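Step one of this worksheet: look at the structure below.
Going in written order, the chains are labelled A, B, C, D and E, and every chain counts its residues from 1.
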Amino acid sequence: MVTLGDYLMVSGLLFTIGFAGVMLRRNIIIIFMSLELMLNSANLSLVAFSRFRVQPGGLPNYHAQVFVFFIITVAAAEVALGLAIIVALFRARQTTHVEDISTLKF
Amino acid sequence: MSSVLPWYVLLLPLISAAVIVLFTQRSRAISSFVSVGAAVVGFVCSCRVFASQNTSAPEFGWIDLRPLLYVPLGFVLDDLSRTMLVLVTGVGALIHVYSLGYMRDDDGKSRYFASLSLFMFSMIGIVLANNFVMMFIFWELVGLSSYLLIGHWFERDAAADAAKKAFVTNRIGDFGFMIGILMIWSVAGSVVFREIAAQMPRIASSPPFLTIAVLLIFCGAIGKSAQFPLHVWLPDAMEGPTPISALIHAATMVAAGVYMLVRVGFLVQASPQALGVITWIGTITAVMAALIATQQSDIKRILAYSTLSQLGYMVMAIGLASGEAAMFHLFTHAFFKALLFLGAGAIIFMLHHEQNIWNMGGLAARLRVTFLTFLIGTLALIGCPPFSGFWSKDAIIALAYQRHTAVFAVALFTAFLTAFYMTRLLVVVFFGKGRTETARHGEEAPWVMTVPLLLLSVPAFLGGFSFFAAKFLHLPGEKEAGELVLALATAATVAGVALGIYLYRNRETEPWDVSVLRHRLYLDEFYAWLIDATQGALSRISDFIDRWILDAGAVRGLSFGTWGAGSLLRLLQVGNVQAYALFFGLGIVGVIYWTVFR
Amino acid sequence: MPPFLFWIFAAMMLVFGMGVIVNRNPIASALSLVLSFVGLSALFLSLNAYFIGVIQVLVYAGAVMVLFLFIIMLLDLRAEERRKINLVAFVGGSAVALAFFVQIYHVVSALGASRQTFPPLRPGTADDVHSIGLLLFGNYNLPFQIIGVLVLVATIGVIVLSKRELR
Amino acid sequence: MLLLIVFLPIVCAALILAGSPARRTALAASGLTLLGTLMVFFEFDGSRVGFQFVRSYTVAAEWGIHLAFGVDGLSLVMLLLTALVTLAAVWFTPAVSKHENSFYACLLLIAGGALGAFASIDLFFFYAFHELALIPTFLLIGIWGSGNRQAAAWKITIYLATGSFILLIGLILLYRSMPEAARSFDFRLLQNGAAQIPASAQRTIYLLLLVGFGILVSLFPFHTWAPQAYASAPAPAAMLHAGVLKKFGLYGLLRLAVPLLPEGARYWTGLLIILLLGNIIYVGLVTIAQKRLDWMLGYSSVMHMGYIFLGIAAANLLGANGAAILMFAHGLSIALLFAVAGEIRSRTGTLMLSELGGLGKVMPFAGLAFGLAAFAAIGLPGFANFSAEVMVFFGAFHVGVDQQHFHRFQVATVLALWGVVISAVYMLRAYRRIFMGGASEVSASATDIGWNLRLPVVLLVAANLWIGFSPQSFVSRMGSSLRTYFPAQ
Amino acid sequence: MFGAPALEIAVVLLGISVLLVEAFVPSADKRRLALAGIVGLVLILIGSFLVTPNTATAEATGFWSFYAADPLAIFFKRFALVTTILVLVMMIEYAPIIRQSIHGITEQAGLGEFFVLPIFTCAGLMWMASAIDFVMIFVSLELVTMSFYVLVAFTRRNPLTLEAGVKYLILSALSTGFLVYGITWLFGVTGETNLSRIAVALGRPTTEHAPALFGMVLVLVALGFKIAAVPFQIWIPDVYQGAPTPVTAFLSVGSKAAGFVVLLRVLSVFFVLPQMQRVLVAIAIATLIYGNLAALPQTNLKRLLAYSSIAHAGYLLIGVVSLSGSAVTFYLVSYLLMTLLSFAVLIVVANSAGDEIRDFDGLSQRSPFLAFAMMIAMVSLAGVPFTAGFFGKFMIFDAAIRQGQTALVVTGVVTVACGFYYYLKVVRAMYWEAPRVNTVMLPGSQLSRATIAALVVAIVGLGVYPQPILRAAQSQSSYAAATR
């Protein structure tokens, strides 16, 4: 049988993949996609917890699913805004590469 | 009325000094008048104090933190202090008058007389003080006024250096003095002489403690009375105006040490070990100074070394446990040495500040009064009967004969030397031919200078006779072995005189040159080296540590280190988001490890 | 859902997840992202979270991916030319990621409930939309309103940031 | 009255910044302050124990912080010192070339801070008022200083700020170590609470206070800020700082650390003695090696702190009285020394001892003033310094004395007495080089201090002589206050 | 009179109406909009004093399980309002720069949005102050973050601003990811998102600590990001330097203060487990050292203030670790005053010169008033008595000493000394140095001069008479009670 641990482990792996993407990739758009991966892995854990921590009535814990709903909404808004900023950046600097935007330092 | 009279005596000179400094600085004539007036009135008053048998005066609390410490400003008015008071004010008044002439044209006359008044104030204070702290106060003030007076001609490097040397040397002595006072106080619980005397059994219960305390107090006297090894300042102090040399460095100030030792005789005599040390210090000083005096060519320096030598006698007497003898010699010495200095001053003044005896000669004819009085002074000094010095010195030599043979021998030898170098001085200065133009044209001094000479020569001549001295002093008791000592002493004196005349008659230059003595046993050089090797080196090392290790190393190093650490830390901020994410991750992993897995 | 399906979808999600970060072509990454999310939504379904599963596909496949692709096209991004790999960053990043996963692994193992299998649900609980909706508009009304303001702000922001010339 | 004394300078500083004529306002402010202080001094009832003229306003009720002023004998002396030196410093201010208003405002702020600190009977404001002077000092040295002014200003500011914060920690710890019921910031109540602090806590607190206050007073080895700062500071700033502000730390030790934490004080006495001997002997030797007058004066002021520390370390009535009077005396003398040094600098353009010489001829009044101050500084009788040093030495020697051995306090006293010789050596050497001997090139053209500057000199000297001749006028006023801290026997 | 939720509603309505006016009355002077916003916020601020607080209970459901209207919340709502008002004032002063650095057809293009966004942000901050449920914390925090994305990158013709915007975007989103994951784990362990119920759940013996700690740490990471605690401070200097100056001020005060309120609330739950305190001590020490030391060599004032903001986060963390809500509150108030004052002066000076420290050379001669105000700000930041900053530090150190946090106290004292150096560097430039030639000083508008004067008075006033804030801070006993 599939256990809660399996879900959590898979979710953790996805989170790690996303995190690795943020740390390893230098294209801002890809970094952004990696961030989405991280958010969604959290969603997976949440839903898993919701399913496995059944409420007294025998229902899944829907509070977690509501939270997932909020996370998805926020993530979508964040994507929209983030991409707008990236577009503005590209217009100004013709790059989406993080190494090209390191004027501010020390 | 009469009970506050001592206060007038004490405060008159202070008021005079204050008036001069505050108001009459511009007008030199008024200043000198104020000061001389104060001195003369002070003398009159002190005569009245002496005459009246009143022994009490009002007392004020200077520091009153009873039961811990009570320092009164009060007087002791016994025979000793009253005699000393008359002596100090008397000699002082004469020298004030004399200074009117000697300092007639000096630019700093106001300053001079202010300092002189300050000196009188301090000296009277020492004489009258009834406790250690008050004595120390005036003790230090005497040092100050001596500094001011020696450095009167401060533009001259030699005078400036001499003043500094005098003050610092005295301070070294005072260092010991203060520790001694503290030690005595810590046991007796009081600084007042009378109360300390009452506590003597307690103090004497620990002989080593007492000995150390007494020797430390004696340190004060070593400094002030210029005993070996702190004698070096006195000859240099001759850079001051001659009246000062007479007043301070012959008659009064240097005697303060002796006076103080007599004042606390009850302490000193309670410690035989201390007495031994004191005796030998006095003896060494006496013979050493006399030896050096034989080879000096500056007239004032010769007199200065002679002063040292005589002070050695006095200290020797104290060491031999006879305060009376010491005071007797102090008393006579004050007169004849003041006389000698003033005479020398008259010569120097008339020869336009020429001080080298080899540039003088044949002055007996031209400066008759001066010569006459100088002769009296010399005879008194070498102990020629019946001049005053004979009686007092004889008393000390007799004392030594009784108590300590070695000391006696040295004392006798010193008497011989004294006669020798004074004869040398007299012969070279007053006889023979004038060796320079100025010497050939010297004239007699004005009356303001000669009158004090004449006045001083009276006690210098008579001072030793008991009918005169006994009015003032407790004379030392009758001596048993009188005849032998008398004969030996006289013989030594005669031998000295004879040798002096034989060697120096009609000489143009120094016939025998002993450079060790001429260079004062190289003690000044040795001290200069010693100071440089100890204090100088230490101060340079400390300065180096402070500048380079504490400040540059520790303080600035720390601040630079902090700054450097900051500069390194900011390099973390590389500007690359990727790196930032990495740091972020490192931080997270670290924090999780720190929290969850430890 | 049988376990093998779980593993298949999990593998799909992870593999395409990896695809996002290893592809050099942004378009390929975007497509991998979507596929990964499809796998994810299948896992949601396996957890009886039908509403969330559907929303996931709608929002990500329908909106987010389109947005990404649109921007990538707009900016005319191609496969990035190979730049010199920053070895320190690469090794460091990998190490940190690995360490982080190890930590997650330990935490998951430590959780006692990890070995728990599916608890039984009350039969007939498929109408999760109903339950979620009740919660959302009832209990969670306040956060929901705030999300509304958030979206308003995001709208203003997108306009301000991407309009060529502002009025 | 106290409110007026404290806030008059501060308000006038604000007025000056707002544009009121600088010198006149500052002179009026400091003159009035002195007048007020004198009134308080003579109205003060020396026989009463405790604080008088108390005014208190609540500032933070939950914490028990009050803006409270009051004087006892000890603070009375310090207030008088501050008022005197302030007037002299303002008076001695030369024509300022740039930002005259700010200069005077800074001076008045320092004075106001010092007055506030000495008049406060609330721990918080006692500390806070002292810090008021920090920034004005920074500005005074930084803007109007000479030599390497920037480095000097940085050093003193950072150093003192660090010291202050160490001190702050100590004070908070003191407050917190008291049992809840007896906890207070009020000086009048501190004794009750402090009596219940356990010995181990006392040790920690005392050490913190010692280091904190010690840095402010340039206790060896935390002294290196002082000479450089004083050398670079304009003369009035150096006068105020060395003369008054530095005494804050000593005042604090005497007022708080020793009486409140007797066990701590006893425990650290050995350390304090070593450090204060560092001040006296080591710094004394360093002073001898100095080649510039300003540096020498700076080091000498560090050195003389050692004597005050000795009086404090003795922790008995004599030592405390001596320390208090020595603070007063040293403040007056060092202020005068710095003032004259400033005048010499402005007239000859140098303070190198080797370049000066024979100034006594052309600047007789300056010579007199410097001489008086120098002799006061080396502890000549007649000056307050001497009477204070006597008390300090007697007080220190008294501790644990017996006829068989010298203990640490006796040894310390002996060494400290040697310091008196050392100070004579360097002071007289400086006097010899500057005022005596033949006139050097730079001194030939110098002019004497004018009549307008003689009054403050007279003021400082007269005050010093007054206490020198009659230390009892302070002792009688401080006696009852200090006796409560340090019972005789 | 009325409930606390009315305040946020009023703020949102204010924002929407300003937005509508902006949209439909194109000819209006945009600065009037800002003024209207300021007036509106002031009215709401006044209204906030009529609000009756009520304390949340663990049993509450629905609205009151998300939203607390305790004194702490109301205090920080006022805090957010004041901050926003002051930031709007600065924004008006900053308008010329906006004009230069965005693409616009009309003279005042974009200004309307620039003025409206802070109002919505303010609403987010106020909600954060009331949030007692992780869902609520998440959404209100995201509202704030989202509007800051826009604000930071607002002047998008300036490449530095865009760079700052991108950096903020990525790192902030990263921290959001961790926040969500952390909340997930906390939910997984306790089955709750409401703070007080989590506290109850954590108290149960059956609750497993390691996964709960894992979740807490991840939440802490996200909050650490907001409050600029090392090692999550990494974005601060770059973003602060690049962002438009009023936005920097807003970030460093508003965002950080809200972060601290949430931290206070969250930690009152987390401190059930002792490991949390230990890690926070370490974080506080690292923050103090990094912030203060790295600030030493800075030459750009905005960047310097960024590092100083990290340093102050360190001092605030001392207060947090020492469980002293009132100290943290007071410190935040003083921090608000002095930081905003320094930014307000900076904006005026930067308008005519620049934001390097060197641009302040001789300011005391060019504008004594501004120089004096800046000096007050700097000495208050450094912690000189008779300024609010000192009293804040006093309370912080007191709290630490009370808790026996020796390491924190020692680090605090050492770093305070560094602080004196870099703050006084600014004073040095203004007072010691001579002004550089050909700099013409723009005096700044009446409004901002009045604001600057008011801030100066407030700083000194609080330094001498802290009682009003102290009383307010003291009354928020909820945190202290919860943690004891």
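Everything below uses one rule, namely that contacts are C-beta pairs under 8 Å (C-beta built on N, C-alpha and C of every residue); 3 or more make two chains touch, one makes a residue touch a chain.
Keep in mind that this is a model prediction, so the values were computed, not measured.
Undergrad: What chains touch subunit C and also subunit E?
TA: Intersection of subunit C and subunit E contact lists gives A, B.
Undergrad: Going chain by chain, each one touching the next, work out the least steps from subunit C to subunit D.
TA: Minimum step count, subunit C to subunit D: 2.
Undergrad: If you tally the C-beta contacts for B-C and for A-E, which one comes out higher?
TA: By the number of C-beta pairs in contact, the winner is A-E.
Undergrad: Where centres are the averaged C-alpha coordinates, which chain has the largest centre distance to subunit E?
TA: B
Undergrad: With centres defined as the mean of C-alpha atoms, identify the chain lying farthest from subunit A.
TA: B
Undergrad: Taking each chain's centre as the average of its Cα atoms, which chain lies closest to the overall Cα centroid?
TA: Chain closest to the assembly's C-alpha mean: D.
Undergrad: With chain centres defined as C-alpha means, what is the inter-centre distance between subunit D and subunit E in Å?
TA: Those two chain centres are 42 Å apart.
Undergrad: Let me have the rounded angstrom distance from the C-alpha centre of subunit A over to the C-alpha centre of subunit B, please.
TA: Each chain reduced to its C-alpha mean, subunit A and subunit B end up 96 Å apart.
Undergrad: Counting only Cα atoms for the centres, state how far subunit A is from subunit D in Å.
TA: Each chain's C-alpha centroid was found; their separation is 65 Å.
Undergrad: So what's the Cα centroid distance for subunit B and subunit E, whole Å?
TA: Each chain reduced to its C-alpha mean, subunit B and subunit E end up 76 Å apart.
Undergrad: What are the residues of subunit D that contact at least two other chains?
TA: Subunit D, residues with two or more chain partners: 158.
Undergrad: Among the residues of subunit E, pick out those that touch two or more other chains and give their numbers.
TA: As it turns out, subunit E has residues touching two or more other chains at 135, 138-139, 142, 146, 149-150, 153, 156, 166-167, 170, 174, 185, 188, 210, 214, 237-238, 421.
Undergrad: Would you please write down the residue numbers of subunit A that are in contact with two or more other chains?
TA: 8, 15, 18-19, 22-26, 28, 31, 53, 63, 66, 70, 74, 77-78, 81, 85-86, 88, 98-99, 101-106
Undergrad: Let me make sure I understand the interfaces: which chain pairs count as touching?
TA: Once each pair is checked, the touching ones are A-B, A-C, A-E, B-C, B-D, B-E, C-E, D-E.
Undergrad: Okay, in this complex, where on subunit D does subunit B touch?
TA: Going through subunit D, the ones touching subunit B are 155, 158-159, 221, 224-225, 228, 282-283, 285-290, 316-318, 321, 358, 360-361, 368, 375, 380-382, 386-387, 390-391, 393-395, 397-398, 401, 403-404, 413-414, 417-418, 420-422, 424-425, 428-429, 432, 435-439, 470-472, 475-476, 479, 488-489.
Undergrad: Provide the residue numbers of subunit E that touch subunit C in the complex, in ascending order.
TA: Residues 12, 16, 19, 26, 61-63, 65-67, 102-106, 109-110, 113, 116-117, 120-121, 123-124, 127, 135-136, 138-140, 142-143, 146-147, 149-150, 153-154, 156, 185, 188-189, 208, 210-211, 214 of subunit E touch subunit C in their complex.
Undergrad: So in the complex, which bits of subunit C are touching subunit B?
TA: By the definition above, subunit C touches subunit B via 86, 89, 92-93, 96-97, 99-100, 103, 106-107.
Undergrad: Spell out the part of subunit E that touches subunit A in their complex, as residue ranges.
TA: It comes out as residues 134-135, 138-139, 142, 146, 149-150, 153, 156-157, 159-160, 162-167, 169-170, 173-174, 176-177, 180-181, 183-185, 187-188, 191, 193, 237-238, 241-242.
Undergrad: Flag every residue of subunit B that touches subunit A in the complex, lowest number first.
TA: Touching subunit A from subunit B are residues 570-571, 573-578, 581-582, 585.
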